[in-house]
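Each of the two complexes below includes chain A, the first together with chain B, the second together with chain C.
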Partner chain A sequence: MSKPVETDSFLGNFGRTFITAFQTVGAMTLLQLRIFRSLLAIKNFDYDESVTQLFKVGVRSLPVVVATATFVGALMVIASGNFVRATGATTLIGWAAGTAVFSEVGPVLIGLMFSGRVGANNTAELGTMVVTNQVDALRVLGIDPIGYLIVPRFIAMIVMLFLLTAIGDLFALAGGSVACRAVLGIDMRIYWQGILDSNLLSEFIMGLVKAIFFGGAVGIVSCHWGLQVTGGARGVGRAVNDSVVTSAIAIFVVNFFVTVLWT
Partner chain B sequence: MKRLWETIRSPFQLLGRTIALLPSARKSHRKILESMYSIGNQSLVFIALTLAFLGLILVYQGAYQALKVLPDLTPVGPVFIGTMVRVFGPTIVALMLATRVGAGIAAETGSMTVTDQIEAMKVTNADPVEYLVVPRFIASIIMMIVLWVFGVLVAVAAGTLIGTLRFGIQLRTFLSLSGTTMSDVWVALFKCVIFGAAIPILAADSGFKATGGSEGVGWATTKAVVHSLFTVILLDFLISSIAYRFGW
Partner chain C sequence: MLQYAAQILDASLTLNDSLVLDQVFLRLESGRIHALVGAGGSGKTLLLRMLATLLQPSKGELHLFGKAINFRDLKSLRQVRSNIGVQFQNLALFDFLTVGQNVGFPLEQDSEPTKDISIQVKTALDSVGLDGRQEHAISALSGGMQRRVAIARAAVAKPKLLLFDDPSGGLDPVTTSRIFELIRTIQKENDNTVVIASHDIDRLVKLCHIFHVVDHGKVIFSGTLNEARQSTDDRVKVFLDV
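Right, the complex of A and B next:
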């Protein structure tokens, strides 16, 4: 990959931002294609490594995702509480909090948390393997790093973010109901009745579809930055930083397009 | 259990030391300005991108849902601006800052720790907290407020675009502050100060604890991001509930 020309002028910086952005997107697209090609050739698929990754990605990030989701649900109830207090329409609280959690806030915040916990960890792990020449060692042994390292991680992230979002949504609703009683002083039954009455199945499914795309995005982004680490400990730290930043952008952009296409 | 207690205790310890060293910040205003540049200016594109998409999606969903329940779209704009100022503005900007700045500070202090530069500072009788944490602490609080204003403006601009063009809401009906009160602004400002203080402390804390080569730096950075993301949400919950209880 050729480095953009070094200049200090404003225009130079401006142009450099775009060139780097396009190079990154291009490299990620290529990685995506290589993953799909490897997926089509099933013989590369490593079963044990996939199970390990599913465990690492899913089970270890469950506590932090559940805790985040619970507080996010509570936050949404408190946020809608301000408008409920202004208008006095207590029956709307379940609808407002449920819609917000299922369709937008739940998947996005769980996705961000996931990218911090799993994506960053993944970049750090792959980056360490790259700087200690372990990836090259795999190539020497005739093992395709994409098939052995990347594909299991990519699959694990998609599957697990999907499941974590489904679980997290429920915890968010539960957290919301507690906040409804404890902070707003509204009977929980009104809240649950509001959720049941507003028929949120479509929102719930849209949130899960988003989770699939977020999982894929975090997978590609974190593997990309992990694989192109250079220069020791400092490089690994910087790669993790770039990875979480790119994942956050990807989540917000993907979120918008899924919503617009869905509705 | 002991590890959990340690995770909670050590950021508070670092916070205490940072606050005790705040008077020493007077001689290092150059470093504060540098930190403000790297925390604030270099996050502008990132914040603008994410908050613009947030504004787009909130108005899109808001209008879409409002059409199902209500016949008219007049409350969409004021409600959107009010929630943006009070709820989503501080929270999302802080989450973005936690990912970008938190990871950055942890990566920097972490690689300094594993290459023994922190030890070297201690040997030469220079306090690492004074040199590395205090300037970033001050810069982060200031820039959090600045970025909150910037982020809300970007999100409202993006939201206005989709509200007027896609849903045909009158510009003057949309851009109304009738859903925003002064107490929303005060609560949000308070949140910004607290979030801005929490992020560099948590990040530096996990950076200082990094051990063992590049793997340790990677771990420290991951931990910094997770801890600061979660802490922002937890603090947000606490501040919001107290503010609601007091009727602010």
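Right, the complex of A and C next:
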């Protein structure tokens, strides 16, 4: 990428930030296209590496996702406690928790936790490989780094964030039911009946669709920053920081568009 | 007629708005051991990376094994790369693979049968004095051992062109001597074209046939040691200590 002109003026700095942002989005788009091209060339696909990534990305993230989701679910119920007490709308507590968890809070918070754990780790791993010339070694050995390193990670992140969100949603509801009884003193059966009566299938599916796009976004962002690393260990640190921040922004942007298109 | 394994023809390279290689002419005779010498930062590693097809010249041409390299033709690039072995300056060993997997990696890309790979890996590790360490993690080895693994990986598939970037960096004299002997043996057995970038002039003088002196991104001399002695460029005499 060419460097924007150095300047001290506000307008110049704003313009430089704008240009850099568009360069980054453009580079990520090109990476996405290269991933799709690699996916179409099935013979380059490394199944063993994909399975390894599925385990690293998914199974190892399960404890933190379960913990996050359980407490988030509980928090949703507690936060609505005052409203429920004031209005006596105890039968709505299941619907309120389920809607919030399935459609927004579950996928977004799990996505953010995922990007902070998996995305950051991915950027660090790839960045270290770049600065130690391991990616160059792959090229010299005739291996396309995109097919060997990036595609398995990209697929693993989409698949696993989808599954983790589904599992996380259930634990969030479970956390909510415990909070419902322990904090608000409302019978759990009322809570669960409220969820079942509300027909939240559309919200649940929307949340999973969001998870798919979030997984793709975290995959692209983390891989892009990892492959762009320069400047040794400090560069890797900067890339990890950029990866986490950009992933978070991407999650919010994608969340907005999916919600608008779905509703 | 001389056969050239590689030729860099009037190549210049600009990186981050800096001209780092300037109108370079470099011809590597097949079947010879070439030395690439020069001060730190003179462009030796960049030249090796260009020969490895990792860097495309901003101007000029790269020819390998008689053909001009088209960097857009990925299929032919992969084919050319299968004939190149590289030992990187920082080794570039895959830390997610064992020693044996690292050395066998080039053979797997050539789709060799698993049994043959095991035998060749064992032979390669034996030749560098590391037989029996196939299952070891890279991080469990000393720097010298890792360097030997990198050399084994570069040479195992018997590539036509072997590139060594500082093969003895930071090693003790005994290990250094062993490594240079190893390179001599590999070249003798396989008749590959070898390029060594190193500051170890004493050992290069004993091992190499042809010397290329690099200074500030230019190749200022290419020839034998005798020709270097007759050179009127003081820099050549200084770098080659003649």
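The rule we apply is simple: the second predicted complex is superposed on the first by the 263 of 263 C-alpha atoms of A that agree within 3 Å, B and C clash if a C-alpha of one lies under 4 Å from a C-alpha of the other, contacts with A are read in each partner's own complex, and residues count from 1 in each chain.
Basically, a contact is a pair of C-beta atoms (placed from the backbone, for glycine too) under 8 Å apart; a residue touches a chain by one contact, two chains touch by 3 or more.
What you are looking at is a predicted structure, and each value in this text was computed from that prediction instead of being measured.
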Quick one: chain B or chain C, who's touching more of chain A?
B
Applying the touch criterion given at the start, work out whether A:R139 contacts chain B, chain C, both or neither, answering first, second, both or neither.
second
Look at A:L109 in the shared chain and tell me whether it touches chain B only, chain C only, both, or neither; answer first, second, both or neither.
first
Should A:G127 be classified as contacting the first partner (chain B), the second (chain C), both, or neither?
first
Now for A:A79: first (chain B), second (chain C), both, or neither, which partner does it touch?
first
Touching A:V253 in the superposition: chain B (first), chain C (second), both, neither?
first
Give me the intersection of chain A's contacts with chain B and its contacts with chain C, in residue numbers.
132
Can you tell me which positions in chain A touch chain C when the two form their complex?
3, 132-134, 136-137, 139-144
So, in the complex, the side of chain B touching chain A is made of residues 45-46, 49-50, 53-54, 56-58, 60-61, 64-65, 69, 79, 82-83, 86-87, 91, 95-96, 99-100, 103-104, 106-108, 110-111, 114-115, 213-222, 225-226, 229-230, 233-234, 236-237, 240-241, 244-245
Chain C residues touching chain A in their complex are 16-17, 49, 52-54, 74, 78, 81-82, 84, 86, 88-95, 105-106, 109
Using the touch definition from the top, list the residues of chain A that touch chain B in their complex.
17, 64, 67-68, 71-72, 74-75, 78-79, 81-83, 95, 99, 103-104, 109, 112-113, 115-117, 120-121, 123-125, 127-128, 131-132, 179, 182-184, 232-238, 240-241, 244-245, 247-249, 252-253, 255-256, 259-260, 263
